[in-house]
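See the structures that follow.
Next come two complexes, and both contain chain A; in the first it sits with chain B, in the second with chain C.
And now, the complex of A and B:
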């Protein structure tokens, strides 16, 4: 393994961990405002909400991509310039994003639903800076994604990379599940970033024509969730691709093989995930009813191939294995389980009848925090832990494993539980204070603050330990 | 030359569209409501939304039947009088509120409902009001050629509905929904000017028609497929070259 791959991956992971701590602090402050423990006011609350959401989505996307690039480089040489451009674009984009939110007080929320960006501003430059930040991030990530796709295509045809010969039983080269899942996910990532490109072009047109052109809100919402929902799903799959590669090794079992059902399930995932986002538009009366049915059916089918095959694989791997439970394997195992729990919460919300009740309640942040904070983040932290063990000077202390894991699980579970209970009590989401009708929201927010603090402490210890063990490698 | 003139006249004579007026501000003109009292238009709409129309009492044409039909429809619909004010204005300075009242078919034995007001536009800023609501008028032999316009003005002074000619049932329905803050499912005028709309919807028939915007939803997926195919083609040609290199290891000059 070329040390430059290790260094670039290390740089991504350290950056990711630092930005994650900052984003947790933003989220914690928001919950403290809801808990009436601090007073920051609605404007700052929405500024934090915008920054928190975008940083979280972005940071765990790039962590997933860094994992893919690193493991892919163990198969084939990967051009490093793709990752380098993405890194520069990510840092630049994040800086401009934070300027747009904190200095110009842009506060349209993380998915900046049209036409909010034109209203949720204090300074005129806010929306433009925000759009520029997204453009820079999108360009960097698109280039990175295409470079990784091209690396796979230099060694396999599209049909081979999608494991069609494994599905049909025809002869062909062996395609590892990692390659298949990475390829499927990168195609999805490319599609959703291109959706963002179309979206941003329409925003720029309206912004620059200052009132003489208006967009169709239905189109803008479709594009927004094509981008946002698909990106969040694909970044989970990026983490899973790495899991398929590393988890059997951790259990001391042979590497996973791409059987026909693994191939079929991930091919199905490629298509299904592109249509599942329709469930974000249940409340949009103008969306044709057929699309709503497609959204509901695809939402039901979306978890079946990927989740069922993965859960089955992970359970059979652990069963009667000689698994030495490290922090990485613990995070992978529990990450898959929490992903499943969050997925059930998501499916419940994606049922049209339920959505009418749950749509604007805290059930929504409950489910996506479950599969992100306790699922996707755990996948990436598992890779980070494995990576630290690979390149670090020494292994993590066993006591620290127990401490970090307990803090992350206890803090994470308590934190999302407060959201689930909020959903059950119809506490609205996206508000900075609660009135008397939903005053349970205040005590639940207090509960969330306690547990989120535990999670934050766990992450601070984790980041400190990781940096202590690995940072020297950056300059070696 | 001739077709150009015809085209130009067609463009110039094109009737205005509701989308040109929706949510625009109405000019705050002065209205005379009797011989010795007048008030700004804002003094009405700042209290309640107003339904406003313009006529003139000497009109030999449409004004009388138009106003009577509007009166009948508003009264028959039993619209909640406390929710809005009905304002019938004349753009002819020679008119009086009493004449307008008579034109609308009211008299002492059948007076107008309490939320009805009749008034005459003061000359100095009547042009601003007329242009702000797209009312077109031209003097012809002592009378006027004009179109008929009815607007719903919200308490913010903005036009919430603009109807040219007699409203059809759908427009009346929407107007009363607006007044009672009921949900208005479709603004039929919106899609006409937004080329990026995904669907065209005709609320009368309930018929959907696919529009350009839908293509833009499909564009990212289609573009991705194209990009993958292009990358595949480039990679395949690169792979062929590499294979050639392996087959002819000593012929690097030829390969290059």
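And now, the complex of A and C:
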């Protein structure tokens, strides 16, 4: 393989790990404020909340994309300029984003629910800088997605890339699950970025009218969650595509094949995932009830194809495999476990009758932190660990594997458990301090601070070790 | 037991089942020997999951809050308007900031065991209108500008209820609240 692929992937991964540490520190500070251990005030709390959410969503999206690009380049030549434009746009976008939040104190939250950006500002330039940052990120990521899609389409037709011949049993080229899942996920990514483009254009038009409300709040909310929910969902699938490629190798098993049910599952996922976002609007009773029902039905059927097939495949791969475990394979295996657990938390919340008493409580960050912090992040760290073993001069020390894995799992589980308990005790999310009605939130935040600190220590050690083993390759 | 705690217990049960399965499979990886009849086991796994999903949907969808007391006439309509960072409740419609003078302030008295229809809207950004009793969230609906969300509710207990904003709405979101007394 061309070393430029390795270098650019390495650059993405080092950038991702550093930004992740910064974003964890933001989140930890927020929990410390809620735990009454520090006093930063509501404005700084919401500035951190906005920055934390966007950095986390962005950083693990690009980590997933970097993994896809690297593995895809082992199949076909991938044009370099897509990833390079995305990298420049990501760095530029993140810098402008942090200027908008920390310097102009823009604090509308990562999904900037309309029309809050026109209210949650301290300086007039705040919302504009924020929108410019998102536009730059969106343009870079859209170009990257399209480059990867067209790389696949230079080698397969759309029908082949969707593995329709594997489903129907007709003859055709072999399409690896990695190609199928990447293609399905990249289509979803493109769809949600296009929704973000529409959303941003509507914001710009309103901004030009000096913020006099001219858009429909329900339409804007639908666009916001179509973009936000789908992006977060698809970035999980980007990680899974790489898992399908690497995990059987780690277990010493033959590569996974695209059987008819794998093909059917991911084609179903392509459609189902686009409609699950309706569950974010259950408490908007003005939304047609049919959409709400579609939201619950799709949210409950969504795990069937992708999750059931993946979970079953991973379990049967490991069962009596006599495999030698590495940090990468541990992270993949238990990442799938936590993804499943987070999925249970998610579908319980996706029951409309449950959502009536769980929506916007800490149950929400509980489940999404489970499948992100312990699922998606584990998938990307598994790829990162595998990649380090591929290009690094030395393997990671066995003692360090146990230490890092124990810290991440203990810290992560304790951290999300505090959120689940918060949901069970009706503690609201996204508040800087807890009033007397929901004061159980304080002690739960203290618990979260302890466990988040363990997770942070684990990530610091991981990042230090990864950088020490691989950074030299950047300049070789 | 509250719905939230029931959901939490179901979650913990599922957590334990999933962790047990993964851990047993992890322990089995020390040995050799592939799983037999993988296809039939996968089919059983899938159909159990499909059946569970269909059952849950069939039972839970009709319990959605949109149908609460839908076939009965409400005894009272209460108009709720949220704005940064307070709630205003009134027995007459509030269409603009000019109507806020008709309201009864942020404390309100309502009867027990009668169906109340809350007509909830916002004058600025999205807010959340939620009813808490003794720290337990009982019901909620979003307050969205330009739309009216109608929530029907019957208070079965007398006493003080807290209204909290549950949708992030800006810097003082955490302090946005009101009270209802039911008697």
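As a working rule, the second predicted complex is superposed on the first by the 473 of 476 C-alpha atoms of A that agree within 3 Å, B and C clash if a C-alpha of one lies under 4 Å from a C-alpha of the other, contacts with A are read in each partner's own complex, and residues count from 1 in each chain.
Assume a residue touches a chain if its C-beta (ideal position, glycine included) is under 8 Å from a C-beta of that chain, and two chains touch if they have at least 3 such contacts.
If you're wondering where the values come from, they're calculated on a predicted model, not measured in any experiment.
*Asks:* Looking at the combined model built on chain A, do chain B and chain C fit side by side or clash?
*Replies:* Here the two partners, once superposed via chain A, clash with each other.
*Asks:* For A:146, select first, second, both or neither according to whether it touches chain B, chain C, the two together, or no partner.
*Replies:* In the superposition, A:146 contacts chain B only.
*Asks:* Which holds for A:288: it touches chain B only (first), chain C only (second), both, or neither?
*Replies:* First partner only, chain B.
*Asks:* Should A:218 be classified as contacting the first partner (chain B), the second (chain C), both, or neither?
*Replies:* A:218 sits against chain B and chain C alike.
*Asks:* Check the residue A:198 against both partner chains and state whether it touches chain B (first), chain C (second), both, or neither.
*Replies:* first
*Asks:* If you tally the residues of chain A touched by each partner, is the higher count for chain B or for chain C?
*Replies:* After superposition, C is the partner touching more of chain A.
*Asks:* Where does A:414 make contact in the superposed view: on chain B (first), on chain C (second), on both, or on neither?
*Replies:* Neither chain B nor chain C is touched by A:414.
*Asks:* Contacts for A:172 in the overlay, against chain B (first) and chain C (second): which applies, first, second, both or neither?
*Replies:* neither
*Asks:* In the overlay, one of 6-14, 24-32, 60-68 or 96-104 from chain C clashes with chain B and the rest don't. Which one?
*Replies:* None of the options clash except 96-104.
*Asks:* For chain A, give the residues common to its interface with chain B and its interface with chain C.
*Replies:* Residues 216, 218, 285-286 of chain A touch both chain B and chain C.
*Asks:* Along chain A, where are the residues that touch chain C in the complex?
*Replies:* 42-43, 46, 107, 109, 113-116, 119-120, 213, 216-218, 221, 261, 283-286, 289, 292-293, 296-297, 300-301, 303-304, 308, 312, 315-316, 318-323, 325, 333-334, 336-337, 340-341, 344-345, 348, 351-354, 356-361, 363, 420-421, 423-426, 428, 430-435, 437-440
*Asks:* Going by the contact rule at the top, pick out the chain A residues touching chain B in the complex.
*Replies:* 146, 149-150, 153-154, 157-158, 187, 190-192, 194-195, 197-198, 202, 214-216, 218-219, 222-223, 226, 274, 285-286, 288
*Asks:* Touching chain A in the complex: which residues of chain B?
*Replies:* Against chain A, the touching part of chain B is residues 185-186, 191, 193-194, 196-199, 201, 208, 213, 216-217, 219-221, 223-224, 227-229, 231-232, 234-236, 238-239.
*Asks:* Quick one: in the complex, what on chain C touches chain A?
*Replies:* 2-5, 7-8, 10-11, 14-15, 18-19, 21-22, 25-26, 28-35, 38, 41-42, 45-46, 49-50, 53, 56-57, 60-61, 63-66, 84, 124-126, 128, 130, 132, 135-142, 144-151, 162, 164, 166-175, 177
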